[in-house]
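Each of the next two complexes has chain A plus one other chain: chain B in the first, chain C in the second.
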Partner chain A sequence: MPMPKPEWDPTDSADGGTLSFTASTRIKRDLRCIFNDPPAGIFVVGDESNLRIVHAIIFGVVDTPYEGGFFYFILRCPNDYPIHPPKVKLMTTNAGRVRFNPNLYKSGKVCLSILGTWEGPAWSPALQLSSLLISIQSLLCENPYFNEPGFVKEHVPGDSKRYNEYIRHETLRVAVCGMIENECHLNIPSKLREIMEKTFLEFYDQYVEIIKANIHLHGTELIDPFSKGRFVCQYKALLTRLEKIKGNLMPQSESVSKQASCSSAGDNGNEGNLT
Partner chain B sequence: MRIEEGKAVSPSKSPTMADGVERMDNESIKPEKMFTLKKWNAVAMWSWDVECDTCAICRVQVMDACLRCQAESKRDFYGKQDCVVVWGECNHSFHYCCMSLWVKQNNRCPLCQQEWSIQRMGK
Partner chain C sequence: MGDEQESEPVIGTGNQDELIMQQQRQIEREISESTALVGELEPIVSLNSEYSNDNVYLEKIKDLSSKYKHIRRTRPDGNCFFRAFTYAMIEQMLENSNELEQFIKLIECSKMGLLRLGFPEFTVDDFYETFMDVLKRVRDIKNVNDAKKELHTLFNEQGYSDYMVVYLRLLTSGHLQRDQEFYSCFIEGGRTVVDFCHQEVEPMYKESDHIHIMAACAALETGVRVVYMDRGSSKSNIEHDLPEGTAPSVHLLYRPGHYDILYL
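Up next, the complex of A and B:
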């Protein structure tokens, strides 16, 4: 018998009723707000069949160990949104195997006080989807080791740097290669897939730079101080994987861009579906 | 409305002809009517002279009805939408309908997180 899904999990479809009129109008308004004024590095589409579900990709910020990664989140708004916050799950976990941050569990749980999954300032109906996504983006920071409560100082000197090395490697392996290849067979909306593929090609040289700067770590052991997991660093294999992905994307992406220039509907088409 | 400047020249006449007419009978003949205003529409603009906030909960201006009242189109005796505004001690304003849903969850102002207590209600 399958385990019942935890309360925070947005992939649990038991909504216990329908969206209120205020909730559905607020969700559309929140989405329009993101389309009109997109926060940097955050890409969002509404679900085609269910207004309460929102798909988001947060792109790892430059100069953090998450740089260039595609972190895919599913959000599910409750019937009385914005009185209660949405439920949020990180889908980029290599099928529940990678904990990308002290606040982002490998189960996909997002520990954030405004989501009610952590202590601290609670949700406020004055918040909206964009401010929530920006809060999540801010978790993907320069030195995530210190996000863990009680870890204001390194337990072992060098822990933070070692954690960053582990995250940087897993970002390239799972949040870049794994996401573009869709190795975990996630149901990512095609619009977000296109954005990821386009961004991958634009960022490709930077991926190669990151690997070159860290190639000396190849074959060494990476340690996650939180799960105590040990992994062998595989930068050389990752470089080959990146090159292969690029090769696969190049001819295909040319035909995609041709299609895009033929239909001028583009972004508007998506928003139109939501309203 | 009157056109004060009679010297403008109607496009149908040449400038010399118009000049001649004016010189001969400057006093007795009224300048030829060039156009008549048959209809005009006045346009007025207005705005609230008080600071008009957007309700942070439903994102509709507080002076308009909240989303729920708009949907149910609740109206009072005079046909006006019966959706009042509530101001907290912190001076933040919301629709009473929206706020009553929120305070059941958390008795704090959604904007400043201060403990919520009503200062006044109305429109």
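Up next, the complex of A and C:
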């Protein structure tokens, strides 16, 4: 017997019935509202073949361990939207291997009360896609360890900091490099791909800064206090990977001149021993 | 969150819980959906069948039938107060075209009030338009019985019916927010009126309490009599007029967790 897909999963295409007229006009207006007044760090496009599906990238906010990451979400509106909320899935999980937040499971499930996937204030028809995405963005916060219910205090001293180190590393590895390379072969709409690539280049120096500031962790063990998983920190390899991605994205001439300026900076500083 | 299985999420114990919850929700949905959104008129004694061996309730149904002729059941989906109240109010105004015209004017002005409170226009529009559409459609039918039939049809179409409920929920929230000072003392748990509105008033399927009823009545400038029927020891049912001292235009039967419409 085929197992039913979990109820929260928007990639389950069998929701049957047709989108009501009011739902379809409302989805369009929700999207227009985001285009006219885009919330900082949130990029959205409608699906070309299915009005009820919306693709969104949430860009990790500066000064959080998610800084610079591209978190790709698929939203699927029900037939009676906005009476019921959309279903939402985080696609940036390295194929179900990384849990980026106590509320963002590696299965892609987003635990949020307004989605009906967690306790607390429920969805209301007065909410809209932009308010939903802002709520999800707020999960990607400075100290996500404390998002876990009941975790007002660290179970082991240093857990929150360790969790941030793990998230920061996985953000660069999975949500930056993995997303730009599209290593998991996600069907990311081309418009969002362009935005990611452009943002990557603009943010490139900052990625390098983050790695520099954490390079001392290279080769040490990163620990996810939730899964107790242990991983070897690979910042040096990540730096090489970032450089390669940048090289591929830059138009030929520009990439040469930038590389030149990079290596000259390396002569003055201690960048040479990073790679 | 702590419940995510770190083993491969095929169909281990973590997913089992979710599937059980899913099944429970499905059962609840089926029970709820077997009741019409708004039912037909039934004699009060039709309630007897629900309490065949329960003398306390049978006594109270007798008391109820001495005052009321009919009951109209509504779907027990948490929206029953808002649905019953709106339906009953419009239904009785169909007998009085002046009242209906005044009511249409009140609704026309109500949208501006919500926008002033900061509700984005495009999130309010569809619900407002639907509410107005229903009012105008039943107004434009000359024969009162035909108008009542149309109202009944529209209220049993999920799309219309739910949008009517949403708009009254928004109006109720708007009234609570405008009159925060007064209502704040009725709210428990240290929440602000605005929090309360976001958590208990605006979301669909959230059940209604006294405070919802008071604010909904105030927003629509009317009064309601709620007849409470429970296992309490008194022989007769307790009646409550909200707001106090206002002549009720709508009569509702309350049994723990649910409202139906009563007819004199």
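Everything that follows uses one rule, which is that the second predicted complex is superposed on the first by the 247 of 275 C-alpha atoms of A that agree within 3 Å, B and C clash if a C-alpha of one lies under 4 Å from a C-alpha of the other, contacts with A are read in each partner's own complex, and residues count from 1 in each chain.
Methods note: a contact is a pair of C-beta atoms (placed from the backbone, for glycine too) under 8 Å apart; a residue touches a chain by one contact, two chains touch by 3 or more.
The structure displayed is predicted, hence computed values, not measured ones.
**Q** Fit or clash for chain B plus chain C once both are placed on chain A?
**A** Taken together on chain A, chain C would clash with chain B, as the superposition shows.
**Q** Please name the chain, chain B or chain C, that touches the greater number of residues in chain A.
**A** C
**Q** With the two structures laid over each other on chain A, which partner does A:168 touch: chain B (first), chain C (second), both, or neither?
**A** Neither: A:168 stays clear of chain B and chain C.
**Q** Quick one: is A:89 in contact with chain B, with chain C, with both, or with neither? Answer first, second, both or neither.
**A** Once the two structures are laid over each other on A, A:89 reaches no partner at all.
**Q** If you stack the two complexes on chain A, which partner ends up touching A:25: first (chain B), second (chain C), both, or neither?
**A** In the superposition, A:25 contacts both chain B and chain C.
**Q** Now for A:125: first (chain B), second (chain C), both, or neither, which partner does it touch?
**A** both
**Q** Given the touch rule stated above, what does A:52 touch, chain B (first), chain C (second), both, or neither?
**A** neither
**Q** In the overlaid three-chain picture, which partner chain does A:80 touch, first (chain B) or second (chain C), both, or neither?
**A** The answer is both, since A:80 touches chain B and chain C.
**Q** Is A:149 touching the first partner chain B, the second partner chain C, both, or neither of them?
**A** Second partner only.
**Q** Would you mind checking which of 6-14, 24-32 or 96-104 on chain B runs into chain C after superposing?
**A** The segment of chain B occupying space taken by chain C is 96-104.
**Q** Which positions of chain A sit in both the chain B and the chain C interface?
**A** Common to the two interfaces on chain A: residues 20, 22, 25-26, 29, 80, 82-84, 121-122, 124-126.
**Q** Residue numbers of chain B touching chain A in their complex, please.
**A** My answer: residues 56-59, 66-68, 71, 98, 101-102, 105-106, 108, 110-111, 113.
**Q** List the residues on chain A that touch chain B in their complex, please.
**A** Going by the criterion above, the answer is residues 20-22, 25-26, 29, 80, 82-84, 121-122, 124-126.
**Q** Spell out the residues on chain A that touch chain C in their complex, using ranges where they run on.
**A** 3-4, 6-7, 20, 22, 25-26, 29-30, 33, 80, 82-84, 96, 99, 102-103, 105-107, 109, 111, 118, 120-128, 147-150, 226-229
**Q** Contact residues on chain C for chain A in the complex?
**A** Residues 1-2, 4, 6, 9, 11, 15, 18-19, 22, 25, 119-120, 122-124, 126-127, 130, 158-159, 162-163, 166, 169-170, 173, 198-199, 202-206.
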